[in-house]
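Order of writing sets the chain letters: A, B and C. Residues in each chain are counted from 1.
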Amino acid sequence: MRSSQVVSQLLRVSDVTNRRSLRRRQLMDRAAEALILSFASIAIAIILLIFVYVGREALPLLWENVDGASLASTVTPPADWQPVSANPRYNVIPLILGTLKVTFIAMLFGTPLALAAALYTSEFAPVRLREWIKPSVELLAGIPSVVMGFFALIVLASWLQEQFGLEFRLNALNAGIALALAIIPIIYTVSEDALSAVPNHYREASLALGASKIQTAVRVVFPAAMPGIGAAMILGFGRAIGETMIVLMASGNAAYMSLSPFVSTRTLSATVAAELGEVVFGGGHYRILFFLGTLLFVVTSVLNWAGDRYNRRMRMKLFGAE
Amino acid sequence: MRKAIDRSVVILCGAATVLILLMLVIILGNIIAHGTARLSWEFLTQPPAQGMTAGGIFPAIYGTVLLVILMSIVAVPFGVIVAIYFAEYAKRESRFYRWTRMAVNNLAGVPSIVFGLFGLGFFVHGIGQALDKGLYGGKLLLGQPSILWASMTMAVLTLPVVIITVEETMRAVPREYREASLALGATRLQTILRVVLPQSWSGILTGAILAVSRGAGEVAPVLFTGAAYFLPRLPTRVNDQFMQLGNHIYVLATQSPDVEATKPLLYSTVLVLLVLTFLLNVTAMVIRKRMRSWASR
Amino acid sequence: MVQLGQRWAEVYMQQHPDVTIQVTAGGSGNGIAALIGGTTQICQASRAMKDAEKESLKSKRNLDAVETPVALDALAIYVNKENPIKTLTMEQIGKIYLGEITNWKDVGGTPGNIVLYGRENSSGTYVYFKEHVLADKDFPSKYQALPGTGAVVDAVAKDKGGIGYGGIGYATDIKTIGISKDPKGAAIEPSMANVLSGTYPISRQLYWYTAGPAEGAVKALQDWVLSPEGQKVVTEKGFYPLKGE
């Protein structure tokens, strides 16, 4: 059907030809535009609101010391997180270390797998297979994180302990692997999109010059897709840093300073989730937890912004256009 | 030599793909194997009994359904309007567009526990308590965790999903349709309402489905904004608390007294949630696929 | 205590269909915070309210906290079924949980690392254990904090070197050890008799707190909980009734 035929079926003739209603329609048009723009600005407002309302609860830490909690206390040695104690200590370094450890393990396991799979799907797989692989990996994305955490707690932890004779059953490795499974779909989907979007003439030129399909894929297509792949990795990293349920259930929650992946760890997000219920509204512990939340929010926002900028910069460099 | 390297690269990449899918199969298999034991009609329609070691999960299902309905009432229209902005009104060079785009992308990346904090600080303590002071003279009615605030928090969390999905569909509506409409004399608003929107129904549906799928399973945002451990009476007012499938799994896995006795129930609950989210996701995928094949015709 | 409260709610509502009881989990700290914030009428606590918390309640809601013991509990020490240890002294338990004793062989068991499990700091059980077993000293950083006693039991059940603590009511499928006065002494098991007579050193009362004295439906519920019927539920759940059998 020609487009005008479709359109005229959707519009009533009287609506558009009636001259008297033209003025009214134009006014409504203007009003609707204002409404739509204001809704769009609410989206910006929401992000600002989150920052304000979460940061606001932590703000007093800047200038006063609320029952032993202050901004300085978050970094004062010793590196102990003991908020409920005769001598409360709020050092966040063990928590930051825990978050970074688990995220690093997740990226270590997840990125190579996701990128390799994306490369396979986009460049090597037969077309028919491609149509099945991509949705299947997306199914992995559909698994709620509480289910992943459950699986890691009940099944994975025992298996890992049996295989490797680990001292701690619930540890950073356990949570990291489950987390990797959670971020693989994101990295995979965005990377695969980026790889598929590389124009075909790149591949054709490379093949014409005598390169094999694999050489083309690895040396031409993959670098050309770097903006998207970089963005994918940053998205995955951001998701891993902020994930709560998996680490809450699977990492053992010990605020232990150690670089080993085989010991129990405590992350920022799990700390907030575990301790928020007990705190008295407005107390020192409460404010510190909101500080942790603000920290998470700021870090993920910066990562997001950085990923966005990287994406645009690389696109500019490689393709010369936005 | 070249061929050997080439072949090993392909094999490695293929192996990575297989490994990922294998993990999916293992997880699904484990849950299905252990979860079908207690699955029955009674399980889906009865409340928990005997201290969570028997009975069913009906209140959790009901609470989840209510939660996602309330959430969708807010998130879908809101998301569609913002998607309309992105697809129809936004000028790529304008600063406003850059800011809104960044805001939405940012929103998509906010950790779920931060949404929980936001829900507690803004909805429960902020708006809730302000409403209590203004409407009820300080009585504690709305300023506490409830299904209303939990669904609002979820709406904010799922907003980006709706926006991005609907926008993608709207952009796929051929330009000629809009041009034909304007050429026939319709205003921009009429074009959007009568032409673009009807052609984007699949995207709106997909967006809603994906949002619902997240609403059923996300736990951190509702932990402190309204989810409860045990409520044999179903929520009837907006300021009631509710049970949710994801929260129920978390609670059963960590708080239950006799872990061995609750484990079959726990597995079955996980299976129910998984089946629900999978059905939703697969439906969304099918709609998306059909939409794409229509558009290319 | 959440499973006790949940069962009380279940039984009471069967008999009084016009009453609705909502039970939310999360640890004594959560409950007390909710009582102070006014979002709950009854808060269950496995530890006593601190003075600072009572003051908060007074200043926020202008009401006094009213404490009602509703059951007795023995704080049991859980170990893995394969652990041969039968008893430890309070001093040994304290040293283990302070990280000073790290190997089972140092307390007479098979050599192996001791892995510490326990509750999050929002739990009354955590606070009680800290006060009475650690003399208010802090847990070491290797201590794994799990979100519920069910999780603690589960973790110890799956970990040969694990040790955990929690209410006796949760100990259906885990081994508990006795506490002896000295390393060669007889084991005092966490049984009801030992708790009532006071010989088991770490037993405690479980409380219900209300803001101001209980009234109306809340008082009716509380009276029922203290009645023989309510106390039967206590036994059913594995805790100990206030007055014994």
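Just so it is clear, a contact is a pair of C-beta atoms (placed from the backbone, for glycine too) under 8 Å apart; a residue touches a chain by one contact, two chains touch by 3 or more.
Because the structure is a prediction, the values reported are computed rather than measured.
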item	value
Graph class of chain-chain contacts, one of line, ring, star, complete, other	complete
Which two chains share the largest set of C-beta contact pairs	A-B
Distance between chain centroids, defined by C-alpha means - subunit A, subunit C (Å)	38
Subunit A and subunit B, separation of their C-alpha mean positions in angstrom	15
Subunit C, residues touching no fewer than two other chains	37, 146-147, 151
Overlap residues in subunit B, where contacts from two or more other chains coincide	253-254
Where subunit A touches two or more other chains at once, by residue number	153, 249, 277, 281
Of subunit A, residues touching subunit C in the complex	80-87, 94, 153, 157-158, 161, 167-170, 248-249, 252-257, 263-264, 266, 274-275, 277-281
Parts of subunit B lying in touch with subunit C, wherever the complex brings them together	49, 51-52, 140, 144-145, 228-233, 241, 251, 253-262
For the subunit B and subunit A complex, residues of the former touching the latter	2, 5-6, 9-10, 12-17, 19-21, 23-24, 27, 30-31, 78, 81-82, 84-86, 89-90, 92, 96, 99-100, 102-107, 109-118, 120-122, 125-126, 156, 159, 163, 174, 176-177, 179-181, 183-190, 192, 194-195, 198, 213-214, 216-220, 223-224, 246-247, 249-250, 253-254, 263, 266, 270, 273-274, 277-278, 280-282, 285
Interfacial residue positions of subunit C with respect to subunit A in the complex	26-30, 32-33, 36-37, 53, 56, 113, 115, 120-123, 126-127, 130, 136, 138-139, 141-147, 151, 155, 158-159, 161-162
Residues of subunit A defined as touching subunit B within the complex	3-4, 6-8, 10-11, 15-17, 25-26, 28-29, 32-33, 35-37, 39-44, 46-47, 49-50, 53-54, 56-57, 112-114, 116-117, 119-121, 124-125, 133, 135-151, 153-155, 181, 184, 188, 212-215, 217-218, 235, 238-239, 241-245, 249, 269, 272-273, 276-277, 281, 289-290, 293, 296-297, 300-301, 303-305, 308, 322
